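Working notes for the structure below.
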């Protein structure tokens, strides 16, 4: 949809847990649209945002849509830059095996450096 | 007294405020506060507080977040009916919003 | 036992309204009474008859309306909070009524227990 | 408005700062109505709620109504049980002199005990 | 310089909409351009023409409408978020328009800087 | 890079998250985050971070909260116009919501 010169680096910073608030779900909707505009899209998961990727979410009891399968669908939109902060995972007793998609786990400093290189950082 | 917490212990000070001020009773973890019921850096705070409080956690919120199989010993799982009975059993309740 | 419920947040953005609804349903199933649900702050937005959530998601407003109809539950929207946020008779969903803050205090006096859901 | 037997102890727990969110302002509106119903009303200020009582609020720059004078008006409604948690004040570098109304400062345990004695605890 | 603005919260409950408005006003005063203000999540509630705040308080919705009129600013409300929350053409305030999320992405591409206001 | 913080350092972990992850730049404290610009238990965190970040605080939010006269040394006060210029001057910005 956009010309070569108009490709920007968009990073979506996810710092909130799913279900307690809607930000994670509605953020994903923006991610998909941004990919449709042929932009350079990456997602960062830190703080409680890492919980968005936890395997085994079952939302029948809270009568809410389980949107976690959408993370698995991202690959189909050529979105494969998913960065997870090591320190946030560890603080929550989680490892890469607990996550429902393939991600790149990196230390806080490396993630911070990546943020600094973006054109647009969106957090909700 | 029933204390209801709905915020993640990693993001918000609500649980800490409750543990600092409240003088015993039941604590129910719901919504994003259920992350305090499983292993992680918040576990020690919860374990230490077990001398003074009885901890409960809402099953449906655990399941939604994929952590129902990780609840630490000493935290009692309840369904919404159990939540209601906790509120009924205690003379009063406070949501630490 | 008679419960009074307070909802401080609007639909979808926070889980508060969902939790309050599931609490009410469980209370009724257990044979308790829900004396009143009082919608305050952004909670008044739960009473908008104009919401149209996606087909595959729950309809929070319609769910409250249905609960009110089936169990004769008094759903009260605070008038001052509602005016601030644009909820009026013209966009009020069935089963809700707009009234004053006195209805919240009365619920506190009449109900055996008050439970608040918010952010 | 209510009969003797219908007087309940209402405590309003204020834990949020003013202006960043509306809870403090709209909570005060409930406090005033509750007093008009001749109930036993008390207000607890802890955590960031102690900031609600800070002297010298000037809201011209944020173009929002300064509602802090309302705390001074509470006395006129016979609302004089204002409890402030000592530990929250200290953590924020505040003393009783910084507050715009007379309050009872008490330790966390004493405040927690008072909470336990209420019939209705409302927090927004 | 061209700014794109995102507002994630509704009026009054959070300061986000106030801060965004005062930022836009200052940007215009400093000679910058506000390419678009995109209202997402509960931010869509800033577009309700039914709000009636107390006389002694600011009117957040009217303030946005006036800014849009005076400076030809594009105020865009996300259609999906708006449907979830009951904002439609029938209760849309002047100066706002309802459109898709593509308008947010386009703002990100076209604007020199994006600034987000939320909770 | 400009980092915008809008939450109280006593209630929410947003400032801590920014200080942990971000690799320098400007930090602007607005809304309830302005409490981080004055004396109190959060002061040490801010002072320690001054080696790596330049701190700014929004004057109007300080005044609203009655603390404009208590800003600690090394935190630079700005008005909304200054906020705009900070956003313009930096290549990008992030709101730590």
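All chains are identified by letter, namely A, B, C, D, E and F, in their written order; residue positions are counted from 1 within each chain.
Here, a residue touches a chain if its C-beta (ideal position, glycine included) is under 8 Å from a C-beta of that chain, and two chains touch if they have at least 3 such contacts.
From a predicted model like this one, the values you see are computed outputs, not experimental measurements.
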{"item": "Interface composition of copies subunit C and subunit E: same or different, split at half", "value": "same"}
{"item": "Rounded Å distance, subunit B centre to subunit C centre (Cα mean)", "value": "24"}
{"item": "For subunit D paired with subunit E, centre-to-centre distance based on mean C-alpha positions, whole Å", "value": "33"}
{"item": "Whole-Å separation of chain centres (CA-atom averages), subunit D against subunit F", "value": "27"}
{"item": "Multi-chain contact residues (two or more partners), subunit F", "value": "6, 10-11, 13, 31-32, 60, 79, 92-93, 95, 97"}
{"item": "Interface hub residues of subunit A, defined as touching at least two other chains", "value": "15-16, 19-23, 47, 62, 64, 119-121, 123-124"}
{"item": "Shared-contact residues (touching 2 or more other chains) in subunit E", "value": "8, 12-13, 15, 22, 41, 54, 57, 80, 114, 116, 118-119"}
{"item": "Touch relationships between chains, expressed as pairs", "value": "A-B, A-C, A-E, A-F, B-C, B-D, B-F, C-D, C-E, D-E, D-F, E-F"}
{"item": "Subunit A-facing residues of subunit C, complex", "value": "12-15, 18, 22, 54, 56-58"}
{"item": "Contact footprint of subunit F on subunit B as seen in their complex", "value": "10-13"}
{"item": "Touch list for subunit A against partner subunit B, complex", "value": "15-21, 47-48, 51, 54-62, 64, 66, 68, 91-94"}
{"item": "Touching residues on subunit A, where the partner in the complex is subunit E", "value": "2, 6, 8, 10, 22-23, 26, 29-30, 33-34, 36-37, 39, 119-124"}
{"item": "Footprint of subunit F on subunit A - complex, ascending", "value": "13, 15-16, 23, 46-47, 85, 87, 108-109, 111-113, 115-116, 118-121, 123-124"}
